[in-house]
Amino acid sequence: MTKASVSPTCYLFTFEADPEFPTPRSGQFVNVAVSDDLTLRRPFSIAGIPAPGRFDLLVEMRGKGTRALAEKPIGSAVGVMGPLGNEFTLPEPGDVSLLVAGGIGTAGLRLLAQELRLGGHRIRTLVGARTSEGLLHHVLPSQAGDEEPSLEVATDDGSEGFHGTVTGLLKRALGEPDAPARVYCCGPPAMIAAVAGIAAKAGVPCEALLEEMMACGVGACRGCVVATRSGYKAVCSDGPVFDTSELVLEELVRA
Amino acid sequence: MTKASVSPTCYLFTFEADPEFPTPRSGQFVNVAVSDDLTLRRPFSIAGIPAPGRFDLLVEMRGKGTRALAEKPIGSAVGVMGPLGNEFTLPEPGDVSLLVAGGIGTAGLRLLAQELRLGGHRIRTLVGARTSEGLLHHVLPSQAGDEEPSLEVATDDGSEGFHGTVTGLLKRALGEPDAPARVYCCGPPAMIAAVAGIAAKAGVPCEALLEEMMACGVGACRGCVVATRSGYKAVCSDGPVFDTSELVLEELVRA
Amino acid sequence: MPDLTTRIGNLTMRSPVMLASGTVGYGPEYEGIIDFGVTGAIVTKTITLKLREGNAPPRLVETHGGLLNAIGLENVGLERFLAEKLREAARLGVPVVASVAGTSPEEFGQLAAAVGERDEVAAIELNISCPNVERPRNPVWSDPAAVTEIVSAARAATSKTLSLKLSPNTSDILSVAEAAERAGADALTVANTLPGMRIDIKRRRPALGNTTGGLSGAALMPVNLALVWKVAGHVSIPVIGSGGLADTGDALEFLAAGAAAVQVGTALFANPAAPAEIVKGLETYMEENNLASMDELIGMAREERRICTETT
Amino acid sequence: MPDLTTRIGNLTMRSPVMLASGTVGYGPEYEGIIDFGVTGAIVTKTITLKLREGNAPPRLVETHGGLLNAIGLENVGLERFLAEKLREAARLGVPVVASVAGTSPEEFGQLAAAVGERDEVAAIELNISCPNVERPRNPVWSDPAAVTEIVSAARAATSKTLSLKLSPNTSDILSVAEAAERAGADALTVANTLPGMRIDIKRRRPALGNTTGGLSGAALMPVNLALVWKVAGHVSIPVIGSGGLADTGDALEFLAAGAAAVQVGTALFANPAAPAEIVKGLETYMEENNLASMDELIGMAREERRICTETT
């Protein structure tokens, strides 16, 4: 394991996978044994494949577990279960995909961005954060050589890019000619609910990568459910990627 | 804080004390916040004063707490309560003192050995352990310049010094002319009970430094008691030094 | 080689290390991850007559040394359990203990009859910490009369081995244990989770969607171990220990206290290899201490069978 | 500056942060270590009529996230308490709550009368988790009738503020709470330790001299917090929260659940500065959230006063 600081609160870790670790697909995650003193592992999206047999995690310091991971010496062996969960639905050839990330949500879309670029798909990316310090667009695969301005950023406080939430950018993007045929999003629940609503109105299919507290990570404990139109679904095994038209959006954001 | 390995299982730590930390006396201990993940602090004898404003701890790796202490980076700030507890009774001028230590019990007598030497008292030292690896006599103040052979060691397996327990050496020492007028001991309960018995038979006053699980360290919780002829006494505040004639020896060693 | 074979009524297991209800789903979820080959048995998620959706999320919150869960007995219901899940579980090659919960003695009887007549079911665990039975003032799990009715109904419905899973949330577990034994239970699982809660100060709301949940994990272990000690000293049917055990040392404590078998639950989440490690660890312990069979291990910390007294 | 003044009956405290019985001795043991100036009150070690030697050691064993103790109510007895300890405690300049335990309602009355007539005593805590009262099948702490007698006897004996300290070891704490309120208790301390044990596998014996002990510390917190939530939603007298709280966040959870004050116990051992840190932390929280007095803090996580249901 190696690590690099990519923002005041985030690290990019690169792990050497065990030989039998299958190649992860975008959307999938790993459940990581971050500390002996914690009852649960911590789930993180696979945020990139820098080379065969390796994978990245992009982790925001949120509490005890993420700090314990960051405090591990470089070179530590870390218990990792995965890859777990389902995958993003890839777009039709020729379609433009719109990736919408809020804060650390960038982590959940980074491997997708890599996959889409490798597959020759056209993508546009909207990245938002509360302040410029929280923006993580610089860890996304390089935009060099793109024909159109494929990356836009927004900050709530206006310290960088568009002054407002990323959904402001989204409304604009969906209204433009050559509008994206698919939306992928990851970020805080309120953002996902907003993005889902806008996409639905525009009639564009939208998938979201959701976060929920997890225990088993494999569908056994039923601890990580989210309300869908067909009942509660496990984020770890039925997700973490959900078609937002399936979600009960009112229950996504907690009072 | 600095540390040095002094045996396969023991470290010698040296702490820079806070300015208001009183000068410790032999027998006293500190209660150390070794880890945020443990409910209790861990008590350790003050095992030396290498310079004013500093003190040593000699610590055997026994479980989670001692390992957590050893894993702290050199230079760490560590929460230390103390000095706590009572003190050894110093001998009359001219009297020979006999220090009997078993295993990590050497830690409990190291400051006493320093104090006695500084005070010009004559001391003899018996140090025992299960094997030569467990012997810690080499951390005691130098014996150089002593007239008589003042240090003897014993190992249960005969790998160094006398083949047998330190009590074998003790019996011999108490039988010799110019016999010690006082015995001080620290080590496993069974050793203390044996030493106490031998000293009592020889009519020599004997003090022991006892260990017991501790919570408060100041006499408040009544968690660390030992059975004495006048009822239960708190090791942390009535002790840790007890006149062995006061102890109910049968209750010292646990079934 | 020491023999870890463990018998609970007619249930014969390769080892005393079982997997606790609700933490392994129906089994297949953990295929390829848990080494089922060495474990004694899987206890399935608790099955109810009808499918249950479970509680509103969040359903989990970590606590110091423990975990609170408020799953709300989400399960596929008896019908789908019998039609699909049971077959799938049986394929794992490890005995399957069906956990069931009813809202009345009759329902417990119905469930026991239905799962009991299936060959794939090696034994039945009756879960009486059921949230459906809303009796806040005198919950079923602390009411010997209610327990007598439930166990009697299940006993009349099946000849399969029956274990009643007790709750730690009672001041008088012995009366409940006695009632279960008299009514024909073959074993007692001691014990389930303790009610607990956390509050999310940022949201100023209970952290769990259901307000309270069940505390499991290492934090709970001393409580359930004391209950195993107490119950095993009082009844003559075997006791199965459950509550926070995570390694060989913990498992030895439960066995030494008098448990005939143990269940690993919450520890699976951090370490799915825990059951295999414990089995290996028990073998090593028995070898090093010249113990040939489980009988020599069980209750080894009990000098005599005595009732312990609580003290603070 | 937010006002942390807290009133429980006639007991007025500078802050809601009290020191729990049994963890601060009689007070002076921690002089110069704990900042008594900011704490609300000291609750003394529980006093019994006669001196008690306490249990055989070992009396402590650390558990994952918690602590088991089996002190056995070692205390100097009423006489020496009144003659020496009380005077010494009163010198610390912080209200002294006398904790007492009897073996019968009469003894509780006698103790309440004796400590109640002393000016140094600001309030009385009745500890009914008393190991003396040996009723393994129906302990006093889960018997509303016994609680009624005890509280009534104490109530008749003194006009000082009386808080009854409940046990978490019951499946029906509401009936006990109700009984106490009706019998005249001014407050309820929720709650004491839970029975628990560990086994020393090397010695093949219970780790504690007394076999079982009381579980305290962070491991216990979710259990006692759920009880505070439940009880505070049910009675109209103030609830004092106790159980594992170690920092400002924990204290806020108890207050948000409905506690009018909190007690710091086991956390003192690792961090004697915890009470002062919590007082400071509460001030900061109130400032940042524009809360002027404790009333605005207490119960802030309760949408309405509702009874919660347990679930697994």
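Quick notes on this structure:
Here the chain labels run A, B, C and D in written order, and each chain numbers its own residues starting at 1.
The definition used in the following text is that contacts are C-beta pairs under 8 Å (C-beta built on N, C-alpha and C of every residue); 3 or more make two chains touch, one makes a residue touch a chain.
The shown structure was predicted, so the numbers you read here are calculated from the model rather than taken from an experiment.
Between chain A and chain C, the centres computed from C-alpha atoms are 37 Å apart. Between chain C and chain D, the centres computed from C-alpha atoms are 32 Å apart.
Once the centre of each chain is set as its mean CA position, chain A and chain B turn out to be 57 Å apart. Centre-to-centre separation of chain A and chain D, using mean CA positions: 46 Å. In chain C, the positions touching at least two other chains are 22, 63, 65-66, 69, 71, 205, 218. In terms of which chains touch, the assembly is arranged as an unbranched chain of neighbours.
Of all possible chain pairs, those that touch are A-C, B-D, C-D. Chain C contributes residues 22-25, 29-30, 33, 45, 53-54, 56-63, 65-67, 69, 71, 74, 203, 205, 217-218, 266, 268-272 to its touches with chain A in the complex. Residues of chain A that touch chain C in their complex: 33, 38-41, 79, 81, 212-227, 231-232, 237, 251, 254-255.
Within the complex, the chain D residues that touch chain C are 22, 55, 63-66, 68-73, 129, 131, 134, 136-139, 141-142, 167, 169-172, 174-175, 192-199, 201, 204-206, 210-215, 218-223, 225-226, 229, 244, 249, 252-253, 256-257, 300-301, 303, 307-312.
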